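All remarks here apply to the structure that follows.
Here the chain labels run A, B and C in written order, and each chain numbers its own residues starting at 1.
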Amino acid sequence: MNEPLNLVLFSGTDDKLQAAAVLTAGAAAMGKPVNVFLQYWALDAFRRDRIALDHGLAPEAGVEGRHHVDHLRHAGQASWAETLRQAKDLGEVDIQACSLSMDLLDIEQADLDPLVDGVEGVTAFYMNAGEGHMVFI
Amino acid sequence: MNEPLNLVLFSGTDDKLQAAAVLTAGAAAMGKPVNVFLQYWALDAFRRDRIALDHGLAPEAGVEGRHHVDHLRHAGQASWAETLRQAKDLGEVDIQACSLSMDLLDIEQADLDPLVDGVEGVTAFYMNAGEGHMVFI
Amino acid sequence: MNEPLNLVLFSGTDDKLQAAAVLTAGAAAMGKPVNVFLQYWALDAFRRDRIALDHGLAPEAGVEGRHHVDHLRHAGQASWAETLRQAKDLGEVDIQACSLSMDLLDIEQADLDPLVDGVEGVTAFYMNAGEGHMVFI
């Protein structure tokens, strides 16, 4: 139970990021440390000037899925970014950008939302993962 | 080996659900308990009135992938729902709907196929996961 | 740390395969054995006559993501297949095709790139996974 939850976030759609945020918040609330490693399109979604924008949904959501997500948002559901901010207040959540993906997107840490704590390589991510679960989203 | 396999199913396409069903059936056949947690579009696919429908494939399947999947189905391959039913007969498979996703889709347990054993939150899912593998599909 | 990293590769787009290759190479460089299990569209991408082709990107990449990926490739970034070849030179990386997916795609091992070491069922994959991380990509 003291082993961290390790999330590799690859996908940049709002539904997968929300699922990741809920897994993070749940673990943080239970006192479990969470290591988040941002790659590719998930990293792109954490850009300071894009984090509050609409990032679309998985293709299978369709028109009906879109409607459900919009309805819940209008009813006051916290966005994934807000949920992650709350999770950081609640527990030990460390969010790192993958250095290779930073190169890919040609961005620097100043371009990222303050939710992101730093930049690291995959080796550092493995070192911190310990024996906890590793999940790719 | 006695630790459970823990699957978070997010995606609602037939190919990913089939991959999940095969991982479930393999674990069940080996005497490994399996906890399945249904979120978002995977949960939607377990609706009583939709479970037998076509739920599409991942975008990269393309026309050729579609053809292969249809061919195997016509040749008698069990659907993912049938494979999960067999896995439940074979071993200890517990399928729970994520309570947040139930709210999102505005459905109740009576709307779901009897394959689904109940509704729970993410904390309960973590409590049952133990030290087994956790996989997000 | 001696437990293997176990990757189930399902997705067949170049971005996810690159992410998987980087996770594999990082683990191999740290002396961690890696078991890769190829299913569905990931397996299709390992066909001898397709492995060097363009396999597209996740839908959310968009035009801008496509541009970034092409730019890095033209700047000399190794492809995912090359990265996996290097990882095999570096450490203990075993790549197996899922027998059910071989049937689905109607192919034989001779159709696959020599990167693929063999064909096995899901039970064999679980037997080799030990207590290491299991990741679905």
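Observations on the model:
What we mean here is this: a residue touches a chain if its C-beta (ideal position, glycine included) is under 8 Å from a C-beta of that chain, and two chains touch if they have at least 3 such contacts.
Computed from a predicted structure; not experimentally measured.
Of all residue numbers used where chain B meets chain C, under half belong to both copies. The two sides are thus made of different residues. Superposing the C-alpha atoms of chain A onto chain C requires a rotation of 120 degrees, rounded to the nearest 5. Taking each chain's centre as the mean of its C-alpha atoms, chain B lies 23 Å from chain C.
Among the residues of chain C, those in touch with two or more other chains are 59, 131, 133-136.
If you check the complex, the residues on chain A that touch chain C are 6, 8, 10-13, 39-41, 44, 55-56, 59, 100, 103-106, 121-123, 125-126, 129, 131, 133-136. Chain B contributes residues 15-16, 19, 22-23, 25-27, 29-30, 32, 58-61, 65, 68-69, 71-72, 131, 133-137 to its touches with chain C in the complex.
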